[in-house]
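Each chain carries a letter (A, B, C and D) given by its place in the written order, and its residues are counted from 1.
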Amino acid sequence: MNRKPIRVGVLGATGAVGQRFISLLDTNPWFTITAVAASERSTGARYADACTWRLPGDCPDSVRDLPVQPCEPGLDCDIVFSALPADIARDVEVQMAAAGYGVFSNASAHRMDPDTPLLIPEVNPDHLALIPIQREKRGWDKGFIVTNPNCSTIGLTLALKPLHDAYGVRIVMVTTMQALSGAGYPGVPSLDILDNVIPYIKGEEEKMIQEPRKILGDFVPTEGKVRPAFMLISPSCNRVAAIDGHLETVSVELEREAAVEEVIAAFRNFTSLPYELGCPSAVNPTIIVRDEPDRPQTRRDRDAGNGMTITVGRVRPCEVLEHKFVVLSHNTIRGAAGASILNAELLVAQGMI
Amino acid sequence: MNRKPIRVGVLGATGAVGQRFISLLDTNPWFTITAVAASERSTGARYADACTWRLPGDCPDSVRDLPVQPCEPGLDCDIVFSALPADIARDVEVQMAAAGYGVFSNASAHRMDPDTPLLIPEVNPDHLALIPIQREKRGWDKGFIVTNPNCSTIGLTLALKPLHDAYGVRIVMVTTMQALSGAGYPGVPSLDILDNVIPYIKGEEEKMIQEPRKILGDFVPTEGKVRPAFMLISPSCNRVAAIDGHLETVSVELEREAAVEEVIAAFRNFTSLPYELGCPSAVNPTIIVRDEPDRPQTRRDRDAGNGMTITVGRVRPCEVLEHKFVVLSHNTIRGAAGASILNAELLVAQGMI
Amino acid sequence: MNRKPIRVGVLGATGAVGQRFISLLDTNPWFTITAVAASERSTGARYADACTWRLPGDCPDSVRDLPVQPCEPGLDCDIVFSALPADIARDVEVQMAAAGYGVFSNASAHRMDPDTPLLIPEVNPDHLALIPIQREKRGWDKGFIVTNPNCSTIGLTLALKPLHDAYGVRIVMVTTMQALSGAGYPGVPSLDILDNVIPYIKGEEEKMIQEPRKILGDFVPTEGKVRPAFMLISPSCNRVAAIDGHLETVSVELEREAAVEEVIAAFRNFTSLPYELGCPSAVNPTIIVRDEPDRPQTRRDRDAGNGMTITVGRVRPCEVLEHKFVVLSHNTIRGAAGASILNAELLVAQGMI
Amino acid sequence: MNRKPIRVGVLGATGAVGQRFISLLDTNPWFTITAVAASERSTGARYADACTWRLPGDCPDSVRDLPVQPCEPGLDCDIVFSALPADIARDVEVQMAAAGYGVFSNASAHRMDPDTPLLIPEVNPDHLALIPIQREKRGWDKGFIVTNPNCSTIGLTLALKPLHDAYGVRIVMVTTMQALSGAGYPGVPSLDILDNVIPYIKGEEEKMIQEPRKILGDFVPTEGKVRPAFMLISPSCNRVAAIDGHLETVSVELEREAAVEEVIAAFRNFTSLPYELGCPSAVNPTIIVRDEPDRPQTRRDRDAGNGMTITVGRVRPCEVLEHKFVVLSHNTIRGAAGASILNAELLVAQGMI
């Protein structure tokens, strides 16, 4: 790209995911942060003063002196990344889109809206065809909302995609062991997780049942909507004592028979449209398959591909369904801020921004 | 019991499970420790000197001055508890049984021997009918070997038992999140588990596939052996950063339909033969069902019933199979030393010792 | 004691320390819980409903159905234990004492009030002579306030006491490694402490500088007040990833020379007035000295003496001051709820209640 | 540097520190790894096969196919980095130096040898004057041994250096909270450290007493040796549950009075000779001083300056000595492999290699 960086804002910029957005955008060659917005409590302060930086190292210099603004139209930027909580995101994102901003949201509020793309660039880039439909339906001129899936969905869905394309995935049993950063900050109290496992994450299983079906569904032009994939998914979600990285044990039933080697080959041959288009956050390969019996491991593999690669391992026959394997993804990069940024990059690469 | 305590020995007394045996036996009213045995390295030393005590508190006074003896016949006791590694247990346990000792083994060596009971007193006490067959086949006079299952099997199998009795369990999908003490000492290096999950435990999944089928199988008097339950089990075993307590997410397919309330009632109504017989390690209830959405939790529930109760929670319909739930058991008490001691108590209560 | 149990209430009963009070009082033979009080949010609810129980196991049956009342006079009990935050404790505790209740407070609000005992029963029981002075000064009839020290102070001060009596402690350098439960619930976010150490605990060092001097000070009857011990204390307080147990490295300069063996003997010979008086929470010994080079350890030693014993180890010469050692105490039992209950027991044993 | 990269070998290349050497050297522009050596067990195998890679990510491609050789002369390289255990290092390092290799050792074996530099390039580069003396004494032609200090020493000594230069450090009280990686692999068993602190690290306190005095000592040309700094150091060493990063609370007594602002200024103004010379591993600043009350924190600050910067915080008056502060350093980079590599870079930059 020889054009000027696109001016972007971050909504919910002081929170855990917001900081991850800031951190990733700071070194992104296509975007430059020109606005940060947060709740009223912080409005008016310098970003560096409003925000207790909790990622390793320091708050990037490029945003330290930006004034924190309210989460509403008037931000000096073309697109916004939303790290807002779902209940606040619901209205704010609509207001922003109506005011002409491109909204890339990590919030769950609009993910299942029929006219809104729930996008993983490597999986369902054709779902962007929903944008004109969304604009028309909502009466938006140039604004739009594009969402990315929940952090536990995204690793699973990326792993399912090559299998679904080649063999048709019919049934998915998945147990997650999810990292603490998925709960935001302050999030999980330390007394709740040290020497412990919590077998419950509110709302998570519901998302894992629905979201992959939409993402893996077909956009039907004649109907102007996405027909969900027919797929039964049974998730069991757990919180474990890891900082970053969601590990998932997965069993799948396929429509068409496949040998273990074919399943592995499907993972390994998976290609990435955003990588081919030169998106700076895209990685190659998107899926790493490890051969060691005890990998992927949360701490050792989460940062593969700057946190944008997912790692699969232990691909083997399942005693009940057809195959089982383990998949790991970095939940705040691949599963949240990095996902949203890659979404925006895809639109840029396709000339939609 | 108004009789004198039974004199017991512990094989592998200095290791992690051995220490747990010592700790539990020290306060058991039916047994008194009169012999401790370990590898040659320790032989001859006082137990307190040979053993670096790693459980909370101190080595019990009653065993501090016992001399560590070799793991071979000649121990001054009637029965022995074996905390030996499988490869050593294989021969030693046979030697001890041949020499007339009752052997209660936590090792995996003989669990799947057709003539050897793989016993959970609340589940398959009738499998003790294998003992005379074992004696006859092996030419043993009064000795015998009784084994208890693997630590990850026992919680699962206790939870399956009431469902199997009432509705017939046909398919089991299980993902475990297992504690560090299951790997013994030194076991898992800290660099391998802090801020990490390891999706692999060597040999564990094989045990979980086989053992429940034997335990839940039927002893067929006419054949003199146990016919394994017909049941497909697909386990995925993981190590997490918890000291004690194996948490498992389980989905089951039943032969006969059951409502969620019926499944819960089956858990709650489960009764315990060893408790009825007054065995001191038996607890009532054997299975606690919790109603909170986020329980059982490893640290908060593992010590229920002095570590002998298993805790079930999140009983709910499964999107793929029929029901799913979470089960927790204390792996070194209910799943190892406590299990073996309860096995011995059952034989005492039934006049077999 | 052949008298009826004393009726007690707990202020701040639903919080972390409040639950610890409930848990310990539930099995205390001298006290019976007849009232629980908490913030307005919980008032009116059953205790079991108002309180998410976070200690291992379940909320004791004896309090499940008690109604949560407001923290103000009118509670049906004779004495109250206060687990209130300092800012709320300040006024509420005075109101309760004025209304005739004996107040045993774990809050910091009144610890340094000149007319208020800052009590460790084994250390400064004579400071209870402040009670009549307090009553007279405040115009209270039968009510009073007795406080216990901060959780990091109490282990240190118990260890200093025998040295101070025998040799005079002049200088103390102490670095603490404090457990998470010391911060209450939700307390320390897990993202702040996993794979981390935080070298700061707000307000903690100030308390460690002042409180030991008051506790080890002399009550001067003619002045009606406590003259603080002359002692320089330099604390450095850190938060580490442990559930319970404050470990402290300590170096001391003594007024009169002492050999290492004499220091150890002073620890070992330390006697406990409340134990001699038969107080049920008192233990003997109060101080355990361990010989192993790597003890005390937080998890392995915190529960010694039901959490009421402190454990000292690594007693050795200091390269700068005279001696150094390590001390461990259970911060929510010995250092908070258990401390306050033992304070109350001392008053009962001495006929002051 | 426009010269060809220097050919280097790594002794003990498969262990924890050895892997860190490989990882850092792989991207170092001045060095290229041409030989890897390890114990006999691994000899002959490809490095990638002999070594279970335990750092995040994968073993670098550049070394995967190198054959593992024995730790003895004959390695195809000019200098070697030694990650050997002390007992093996003692003889091997001498053999290598005698055979003409420049040896940069992380082992403790020769650190305190009077003719051997114990080097921190920013602190005592003039101690390299020992090399000709070492060669002459030992009869070595071009080989030599240069050591770096223990991981807990190096952060402390870097922090003391600017204070010692400006004000003269006389007394140091230090308590360490050291990470698990300092113990190598497998190192500390997870059962020993989860929910725990171990107040003891074998041999560590002895090193912290001696090493800083040698490093901060004066090389006296007329005597041909280093006169140790006169300084009393009292260390208390603890192991905590962190992966990397040694945090230390430090109190110092200075010879000449200094205000807190002057101490902070001394830290901030500290300059680095290797940085000025363009050494690729050198960073600027060497010492970061943070103003937040709760920093440095182990996980959040250990990677500052690619792990080569130390971070100081909480600089404040000490109630007993003159000042106290907290210092953090990355123990396997700044405190081990990175330190040794920077040592080698200094010799290269000064034309000694």
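As a convention for this text, contacts are C-beta pairs under 8 Å (C-beta built on N, C-alpha and C of every residue); 3 or more make two chains touch, one makes a residue touch a chain.
Since the structure is predicted, the reported quantities are computational estimates derived from the model, not experimental observations.
Colleague: With respect to inter-chain C-beta contacts, which pair, A-D or A-B, contains the greater number?
Modeller: When the contacts at A-D and A-B are counted, A-B has more.
Colleague: Which one of C-D, A-D or B-D makes the same contacts as B-C, at least in over half of the residue pairs?
Modeller: Checked against B-C: the matching pair is A-D.
Colleague: Could you give the separation in Å between the centres of chain A and chain C, each centre being the mean of its C-alpha atoms?
Modeller: Roughly 48 Å, centre to centre.
Colleague: Centroid of chain A to centroid of chain D, CA atoms only: how many Å?
Modeller: 40
Colleague: Counting in whole Å, what is the centre-to-centre distance of chain A and chain B, each centre being its mean C-alpha position?
Modeller: Computed value for the inter-centroid distance: 43 Å.
Colleague: Would you mind listing the residues of chain A that make contact with two or more other chains?
Modeller: In chain A, the residues touching two or more other chains are 54, 192, 194-195, 241-243, 299-300.
Colleague: Give the list of chain B residues in touch with chain D in this complex.
Modeller: Its residues touching chain D are 16, 54, 180-181, 185-195, 241-243.
Colleague: Enumerate the contact residues on chain D facing chain A in the complex.
Modeller: 54-57, 194-195, 243, 299-301, 303-304
Colleague: Which part of chain D faces chain C closely enough to touch in the complex?
Modeller: Touching chain C from chain D are residues 171-173, 175, 177, 192, 194-200, 202, 209, 232-236, 238, 240-243, 245, 247, 249, 251, 293-300, 313-314, 318-321, 324, 326.
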